[in-house]
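I've put the structures underneath this note.
Shared between the two complexes below is chain A, which pairs with chain B and chain C, respectively.
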Partner chain A sequence: MIKQHLENWSSEINTVTIGATKEEGGSCRYNIKIGGEKTLPFLFKEGSLPCKPVIAYEVWDTVPSDWPQELVRFYKDVWTNPIDWAEKVVKEYHADLICLKLAGIHPEIGKTPDEIAKLLGEILRKIDVPLIIIGCGDDQKDNLVLPICSQVTKGQRCLIGEVTQDNYRTLTASVLADGHNIIAQSPIDINIAKQLNILISDMGLPLERIVIDPTVGALGYGLEYTYSIMERLRLAGLNGDKVIASPFICFVGQETWRAKEAKAEDSEFPQWGKASRRGPLWEMITAVTLLQAGADILVMRHPEAIRKVKEYIELAYSV
Partner chain B sequence: MEKIKVTFYPDNKTIEANKGQTLLSVAISAGIYINSSCGGEGVCGRCKVILKKGEVLTQPTGRLTLEERKRGVYLACLTTVQSDLEIEIPEESRLSFDKLSPEEVELRLRGLYGESEDILSSDSLLDEVFVHSPLATKLYLELPPPDLNDRISDLERLYREIRKNYEIPIMQTGLANIRRLSELLRSADWKVTVTLGKRNGTVEIVLIEPNDTSKRNYGLAFDIGTTTICGELIDLNTKKILGTKAIYNKQAVFGPDVITRIIYAQEQDGLEKLHHALVDGMNQIIQEFIQENKIDLNDVTCVLCAGNTTMIHLLLKIEPSYIRKEPYVPTANFVPTIRAAEAGIKINPRGLLSCVPGVSSYVGGDVVAGTLSCGLYKEKDLCVLIDIGTNGEIVLGNNDFLVSCAASAGPAFEGSGVVCGMRASSGAIQKIKIDPKTYNVEYSTIGSALPRGICGSGYIDILAQMLKAGIIDKSGKIKFKNHPRIREKDFGKEFVVAFKEETSLDSDIVITEADIENLKRAKAAIFSATSILIKHMGFDFKDIAKIFIAGGFGNYLDIKNAKIIGLLPDLEEEKFIFVGNSSLAGARQILLSYPAMQKANELARKITYFELSVDPNYMEEYMAALFFPHTDILRFPNVKNLI
Partner chain C sequence: MFIIGELINGMYKEIGKAIKEKNKAVIQDYALKQIKAGADALDLNCGPVAKDPLSDMPWLVETVQQVVDKPLCIDSSKPKVIEAGLKVAKNKPIINSTTADLEKLEILVDLAKRYNAKLIGLTLSSKGVPQNKEQRLELAAQIVAYCSEKDFPIEDLYLDPVVLPVNVAQAQQKDILESIHEFKIISEPPPKTIVGLSNVSQGTHLRKLINRTFMVMAVAFGLDSAILDPLDKELMDAIITAELILNKHIYCDSFLEACKKK
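== the complex of A and B ==
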């Protein structure tokens, strides 16, 4: 019998709390804690893993133009109205939390800060799950709109993003003032991830309020590279480097549904099998792999894929 | 092809050009040097010229303001000739090759920050170690004339007399000297001065002159850098330094670093042009030495050059292209001593030129000379030599082993490739303090002149002070907007170091975010190369007993600030020793002592070259160093509390 070797890690991953209950001054039914790992993913015998990974449903403020039929069929009845969309994923699909993507504020579409403020106000009134808010990726526009989102949702302890090494000051200042958490995005680079965390915490935001988006690739599109970067970050965090001991958020849906293998219609590649199976499988496998790398929040799109990944998490955590 | 006439003002020089040629290349062929720190890529925006008459074609650039465009300003590198032209070149676009003034040279050699005793005196080392035996020695002889009892040949007679003074088993003489020997000996009444040159293990009679000229024997030591050329005139009899001069390397118009120059060498006549630009600069220095010291060119009998491998290739007009291509092999590391005239260097036509041997393509004779002069190879404890230049070189070792590597740092610390950068000469801001509350700037300039720009040591101070004052974050971005010294420009923010009114220019002296990025990359390259080399040999920074700092600005460097920005490791200050231009000091030693040359040859063979690019950790280490002071702050424990 080979003696079991258990690693004794010197440190743990920071715990980040998303969402504030009524008692805490917010309007959520519950809050969600992520992180807190004292060992690598699923090594329950070695150390405690107090928080289960969670899955956020993507909800857009505008109709997505490039989603394939396989996704459209679930959301087209509600996607002209973000409130309906959010209500559907909460009531029908039992979403743990919602990731509101503000694609509509992009200069090409041009939604105004006022429209977004109104939208958020309504979401807070009607939706009672914790909220993630993501900008459009245009630095200037994000710097204009996201601080307003931060103010409108003050006290709700949202997770807001994303900031990068070149553009982090504006949003960090807002998040700091309004009591939210922040998403720090780095381009699959362990050093930049760490540098950005230092820059943000230099501004006074505690490390316990930072979630790292390490930037991920879908299956077949650099997933293994993503994996090794996440693993190295996690190992460094467990080994005592407090600065990068942050939990991860992974944008699985966004990456998966860009892949040809996931979104191609049946008619394009009949030999690839049915899109209705192929697409969700692609998203699911990407998600499950990232769980092995240490993902704490998965942002996903396909309800069936999400259901399967949830089952997987439940099963893994029941042993 | 259609020939077009281009006239440059205010030089009033007209030259023929081909249609479609860039203004930059036309100006170079006219012998007019225009600033072009990006090497003609259209990036730096320093080659502004004004079109007075004629037609040109140009490419869009963000480097010109609307107002400049209206005035007919073009970038010379992006603009091609279409018809006969009249072009004005404004003063700020000219590359100035002015030499350093004596007091600047003094500063360069003595240092401003460190007390002068901090700087190793290479002269004392020389006396301690190497016997006086210069590359070329003059010997006055009075030969007994032949008679019937003593009938050996004229040449044998000369050898016999020389051997009475020196023990030289093998001697050689060129045919030209032999041809004129009989006439010369007789007309000089058998009283001649011979110049003996050490050439590749043998001794050559370089020169035979009538009468006694042995008191007049001069040599030159050169440090040929990618950005700066330094030369010294030395009395080979007394070992005295008669003068020191430094100029910018005129090759800068063809590109800022060795790589772009090697690429340029591949173009038509490229190698020829690079060779001439270099040799012209060296000849200019020699000419000025001759005039100022009132000596005869013929009494300058030898030249000793230390330079990086590429510079030596270009000096000797040797194909450099394989230096750049994997597996990075130079044509020659050990170049035999040749006649200086063969390389176009104007001294005595039969005078000798010798180059300090190199280690590899990217660790050249300058590093070998530096290792020799700082004495690292004699140390018992582990030491490091860091030469901070366009190509940064690092040597690690002691009397037991020597290993080296090279890091491409770029010319930022030499004042090139940064908006208001300049060489450490009169008017350069070289020391700075920024008030952390008001952001008021206090600075001192070289020669206490009105500021004209910022030199390397000034940039190190500025970065450290901006970090401490919280003006920039640890990634080098300027944090604020609402202050008169901070402005937002198309290419990012900038910080005003000196307002127009304080300067001798008609514009403010600024540091931009792009400058900071360049400086950050340069410091990251040097630090990570040092760190990887030390790790590769199984050591740690704490094992290092001494760090020798060399380089054009080595003397001025503020160690504390250099640690704050993460250029130098966070070690005790007494471990750092300035050696200034160690390459030039080494070249001088070798010029004056044959044993020093033998030692240099031995060192060049002994130093192991370590190729950073094959180390899988180098990129990672470099990325981690792209932060102030470093991504891993634990490696800078003392800096942690300062910023």
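== the complex of A and C ==
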């Protein structure tokens, strides 16, 4: 008989806590812990994996213009009002946490900091799950609005992003002052991921408050490249490189629903099968693969894909 | 690289004096600055002329432990002095050292087991210093065999090929480096490897350059640990860079700083 070989890792991934309960000074019903892995994904016999991966539902502050019908049909009744949208995913779909995407602050749409501050205030009153807040990707506008989001949600221990190697100072300072966690984004590049974590921690934000967005590709669009980068980072973290021992957040929905294989309507490629099956499957397979690479938070869109991935996680963790 | 700071040694004038006068401040200062410079553990040696090493060693251990929470390497040729240090050590200590002689192994492996300590094994014997790689391997195998027989965990054994000064044993340097690599093949799991670095430059000019160059080469031969002067910044940076080139750390622009954050 071949002897089972179990690896003995010298270190572990940092644990990051998102959301603050009422006892902790916030307004969440619960908080969520991610990370803490002492081995590679799903190798339960080898080491402890104390925190299950979680899925965040995307909620936008403005109506998305490029979502395909397959997503529109779930959200069109609520998407003109972000509060209704958030309430729907919490009440109807039982979202673990919400990822509020502030696409509306982009200069082309032009939502103001005041509007966003008001929106966040209302979300905190009505929504009691942990919150992720993402900017629009325009550095100047993000640096104007995200610090205000950080102040308004002070003490809620949100996860806010994203910062990059060229733009991290403003948001890091806010997140540090207001007790939040930060998302450090690197362009599928381990060297930059590591450098950015050093730059952020040099400003005084503990490594335990950083979540890495390694930048992911959907199935068919560089997924295997993403996988190898995440795996390398995770192996280094488990081997004692504290600087990059951060949990991962993966924007699965955003990448999947850009792929034509996911978003094409039935009439465009009749031979590809129904979009109502093809789209969520594409998102689900991307998500499950990224779980194997070590994803801790999946940010997703299609309720059916999310339900299936949750089932997958529950099943894997029940053995 | 597991770095053991070598500076708390009674053979250095300032330390010898501090031990004699029981001056804690001097010892603690050397402990803290070595750790700050990147040492993972500290070697403690009362020195060759200590009057009362049986009480000096526990005093050193306790003095250092008051300011530093790291493993200590209890360094003496006298087993009783080592035991006096082991008795008060808090973190898993390292015994420095045994040779391949049976009478030494019997005492020191037993001590290491009783105090749950790691053990440095010098590939030396009463017959003298080995003259080539084959003799080193033979002595290494004797130490490993004895430890296995006594159920001492081989992962806690650090084999030292015995580094000799380049100005007296130039012909041996290549054998010493190759031994570092070949010690690893003796058993599974493999033993760890260690060198007392400063010896290589004993009596030479340009000591730091020789230390640094030997060390980088030893890293390339797979060395796990070294007893050295961690305050030699160029040496410490060279080790990190050598490990970077061997793909042991992920590169980033601030790679020296990243390694120091461990």
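Everything below uses one rule, namely that the second predicted complex is superposed on the first by the 319 of 319 C-alpha atoms of A that agree within 3 Å, B and C clash if a C-alpha of one lies under 4 Å from a C-alpha of the other, contacts with A are read in each partner's own complex, and residues count from 1 in each chain.
Simple rule for what comes next: contacts are C-beta pairs under 8 Å (C-beta built on N, C-alpha and C of every residue); 3 or more make two chains touch, one makes a residue touch a chain.
Note that the structure is predicted; figures quoted are calculated from it, not measured.
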Combined model on chain A where chain B meets chain C, clash or fit: clash
Partner chain in contact with A:S201 - chain B first, chain C second, else both or neither: second
Residues of chain A touched, compared between chain B and chain C (which is higher): C
First, second, both or neither for A:R169, with chain B first and chain C second: first
Chain B versus chain C as contact partner of A:I192, first or second or both or neither: both
Touching partner for A:K242 - first (chain B), second (chain C), both, neither: second
Touching partner for A:Q4 - first (chain B), second (chain C), both, neither: neither
Identified clashing stretch of chain B versus chain C [19-27, 307-315, 451-459 or 541-549]: 541-549
Intersection of the chain A residues that touch chain B with those that touch chain C: 190-192, 194-195, 198-199
Parts of chain B lying in touch with chain A, wherever the complex brings them together: 473-475, 477, 479, 620, 623-624, 626-627, 631, 633
Interfacial residue positions of chain A with respect to chain C in the complex: 190-192, 194-195, 198-199, 201, 232-233, 236, 240-244
Residue ranges of chain A in contact with chain B within the complex: 165-166, 169, 189-192, 194-195, 198-199, 202
Interfacial residue positions of chain C with respect to chain A in the complex: 249-254, 257-258, 261-262
